[in-house]
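Consider the two complexes below, in which chain A is the common component and chain B and chain C are the respective partners.
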Partner chain A sequence: MKGASERAGAASGVAIACQGVSFAYLEGDRGVKALNEVTFSLSAGATVALLGPTGSGKSTLLQAMRGLLEPNEGEVRLDGLSRGEPGFAERQREVGIVFQTPEMQLFAMSAFEDVSFGPRQLGWPTDDVRAAAEEAMEQVGLPVAVFGARHPYSLSGGEQRRLALAGVLAMRPRVLLLDEPFVSLDPVARRELAAVLRALVAGGIGLIVATHDVDHAWALCEERLVLDGGRLVASGPWRFGDGGEADLVQHRLAVPFPVRLWERLGRPLTGAPRSAEQAAEALVAPAARKGSG
Partner chain B sequence: MRTAIAQYYPAESALHSRDPRAKFVAVAAVAVALFTRDSFVALAVYGAAALVALAVSRVPLAWYWRGLKPVLWLIALTFVAQLFFVPGRALVALGPLKVSGRGLELASYLSLRLIVLVLVGSLVTLTTSPISLTDAIAWLGRPLRRVRVPTEEIALMMTIALRFIPTLLVETETIMRAQRARGAAFDRGGPLRRARALIPLLVPLFVLSFRRADELALAMEARCYRPGIVRTRMHPLHAGMGDWLLLAIAAAVIVLASLL
Partner chain C sequence: MARSEPGPASTPWTHWRRFATPPIEIKGLHYRYAASETEALRGVDLRVDEGEFVAVVGANGSGKSTLARLLGGLDKPSAARRAAACGHDLLTERGRWAARRAVGVLFQNPENQIVGENVEEDLAFGLENLAWPSERIRARVDEMVAAFGLGELRRREPHLLSGGQKQRTALAGVLAIPRKVLVLDEPTAMLDPAGRDEVLEAVERERAAGLTIVFVTQEMDEVVRADRVVALERGRVAFEGSPRELFAAPALVRRLSLGLPAAGALALALADLGAPLQPLPLTLDELVAALVGTSSGSGS
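Take a look at the complex of A and B:
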């Protein structure tokens, strides 16, 4: 039996690779293609923004990466393993997926019950389940002592979102797939969730965030995949200042605000700040120094 | 799963373009007439008429077959029950079970009649969109308003229910996938365990449905919906020559079947 602490130490990402993945939804008698020969590979622990306009196939790709949708063609490899190979099922379990508006999937009578559902289903011993659920709730800023007994639907929207995230974290994933995690949250709730995600990344977890909000993506992720019409049109690290903007602008996406700001100011884009706050600091700090000196 | 509910097959045919009221009345009349006369000749007339209508409808035969499949076991049951349990002079004996001539006759007759009935019913549902079918039912139910049956509201409820079936199916699938990713297993264990496993699916589905119903009701009120009022229609029903012709043909078939 693995101890809970041993599992916690395993958060180091899973290398996910898609090889020619195609998927079509069945609508009546015909298939509607959602993914078209998508090929890429991500290293373990990578932080990746999955960008694309609405209907570009982001959610489908996330669910295919987790094995919830079976590709019609191609395959998803986890740490180099194919489906059916020894160790694949274990890897798949370590890929946690948080659906869009996951608070819609809360069902238990108490927050703690809901979070411990996942680990219980995995058949972990009671003590481990408890430890995992407590730790997960701590990680998302909803300590059990305060929130454990609350009914999930009595929490605020932002708290429900983070509780649903805790339900996935309790299964101790090594990589997290998030589908539009910030959608329909107020600014404070967005900031709190972003802080939780940054702490998880600092702890070594891999992160794949599907979104069309490039500002959030830019603040959280080192790489980006751009999907449009089910096709992968760009991959790898962010590129700005060398024509890389086209990868976003041509596909109904925006260039992140701090990058646009740096461009207007004529500053080198390689050192562009990650958020509006960072940009403000970078701009104000030298001025303040000048003022005092 | 989806096709069993949304049975409408959109196409352009002489049957698709008929007034839904005419189709409903014609088929209802034939269905009733089908049960008023027990003769193979009458059944043959109805069967032939149904086959002609099938050809006119331009709906692939596979779709009719799909409608027939769920009731096949019922037909088989009827056939077997009649075959063995109708008393009479035995033609064949299988141990204690005897097949009489009358039994064979009744068994084939009743099974064939069920098949014709299902085909005739499918003719309406396959060639009429659910929305115009509810319109037709609302119109035909209008006399009931005199005895305070809220027919308009019932029709609206049916329309809304039909409208949200596909939405609910998509949501069910999504929630199932999400809970499966959290380790839920919907197809393992005995009946009790399976029923318990449905809780993570049913609770979110109910919460979602009630929330949506609430919002829909508010949105409808905001757009001045008030119950108990007979509204005008965006697509008023128009009965033309073709619709009267359809009714005349149905009447002719019924008369022919009852005379022969």
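Take a look at the complex of A and C:
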């Protein structure tokens, strides 16, 4: 088993591919199909928004990607490896998953204890556990010196959410799967979480975010997967201005705010800004913008 | 504007008053959860007049949901100088039961608010509990089905509904019992954008029909539609005023862990670059109008 310190900075994503993945829940005596022949492949380090109406299969797909659900048909490949092949199990451990409202699962008496739990379960040496927990708390903006001894329940809602994220980061995943990470956070807590995720992406980690919040998804992710009724209806980079809006609107989703603004202003959507800050910069420098189109 | 100890005498909203007894009248409301050392509400004053649409905002843990539950008579206040919903005293068991009938409460999670086997049974549930005669129940259910556009769904089982359809069904179920006040606790938080629009449209219809509405939300784009905003901070009212007044005070917005509507955030980013828009736009339409106005000389 490799120690944490040897693997520090190794975040470079895991290539995840789904090949014809189907999954049915048993409800009473009949199967309800949650995923229906879902096929796509994501390169290592990809940042992907997983979008779709409520009940479209997003959470199920995240769990299948992490290996928490065994597909009825098809398979999930990690870095090209199938389940059972040498190296697959190790890759699977490097896929971290953060469930919806993960702060519900905080349980230890101190923030540091809670974050240490995962790496300790992996059997890492004590020094490595400590180093991994400290680094993870730093990454989510809850430095151990300040927050380590705090009781998890004494933290604010946004801090609890980030602490739960640190508990997953401490196991040094190369890809993070997040299920509705922004839901029921106040606006400031959302902004802080988004900043943490942006920094993780800059450090090379792969990100797959299931969310209804298209504005955050657009700001964070280069690609999007759209599910509806368990089927994949769109994949690849975001597309706007060439009919790509339909991939969202026809599936009960919204077009990101900056894109709607660009549309209303009659500007080319191919270069639509990702954030309010980018939009503002483009708006005060219209000449520079025109040249790059 | 921002004040930590709002007194009822100083509220600028007295001109809203239409009736001697407002639907919601709260003074010095305190609440402490059984296992907690600190109070969730620490002396809240709140008056909501008939037909008003009041948004309640605040950081996680500021007391919004606690307030919503208390307004609906679902919990007993720890203490209050006065706590009344539709004239019913929330400090007494009897008053809370009466308040539960007059005040409808809709919560965040669409998954656990539907009790019927299908949509129309869910709409009938509350009326059956009130022992309405069956022909009156049938007529009322028909009315709600029509009003909430649930015609095609009326025999559908809850698990086959989308999140937005579930929330609309739950809202129709809450309102099937004639209510004077509707309290909504982040009713769109778990919905997809289309479901959110469906629920907001239904709420706006009730508002137009004159229902008094208390709307708890974290979505600043939803706050914009309110007549008045009440911001909670650690169990106290820290701001009371119009959405425009709130969003025009960026330091206060930050202190309260709030944000700006998307249009306002963009305007603020422009101001940071030395190109402010006045007045601050709060919607996409206002933002487009302001931008087209400022750049009319440059053409395209």
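Note that the second predicted complex is superposed on the first by the 277 of 293 C-alpha atoms of A that agree within 3 Å, B and C clash if a C-alpha of one lies under 4 Å from a C-alpha of the other, contacts with A are read in each partner's own complex, and residues count from 1 in each chain.
Definition applied: a residue touches a chain if its C-beta (ideal position, glycine included) is under 8 Å from a C-beta of that chain, and two chains touch if they have at least 3 such contacts.
Please read all numbers here as calculations on a predicted model, not as lab measurements.
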Checklist entry - Per the overlay, which chain contacts more chain A residues, chain B or chain C? => result C
Next on the checklist: Between chain B and chain C, whom does A:215 touch in the aligned arrangement: first, second, both, or neither?
Outcome noted: second
Next on the checklist: Touch test for A:283: chain B only (first), chain C only (second), both, or neither?
Outcome noted: second
Next on the checklist: In the overlaid three-chain picture, which partner chain does A:260 touch, first (chain B) or second (chain C), both, or neither?
Outcome noted: second
Checklist entry - Touching A:146 in the superposition: chain B (first), chain C (second), both, neither? => result neither
Checklist entry - Between chain B (first) and chain C (second), which does A:54 come into contact with in this model arrangement: first, second, both, or neither? => result second
Checklist entry - In the superposed arrangement, does A:199 touch chain B (first), chain C (second), both or neither? => result neither
Checklist outcome for this item: chain B contacts chain A in the complex at 2-3, 174-175, 177-185, 199-200, 203-204, 207-208
Item to check | Residue numbers on chain C that touch chain A, as the complex places them | outcome: 58-61, 108, 110, 159, 162-164, 186, 189-195, 218, 220, 254, 257-259, 262-263, 265-266, 268-270, 272-275, 284, 287-288, 291-292, 295, 298, 300
Next on the checklist: Applying the document's contact rule, which stretches of chain A touch chain B when the two form their complex?
Outcome noted: 28, 63, 66, 68-69, 96-97, 99, 102, 104-107, 117-122, 153, 167-168, 171
Checklist entry - Can you name the residues of chain A that touch chain C in the complex? => result 27, 52-55, 156-158, 180, 183-191, 212, 214-215, 252-254, 257-258, 260-261, 264-266, 276-277, 279-281, 283-284, 286
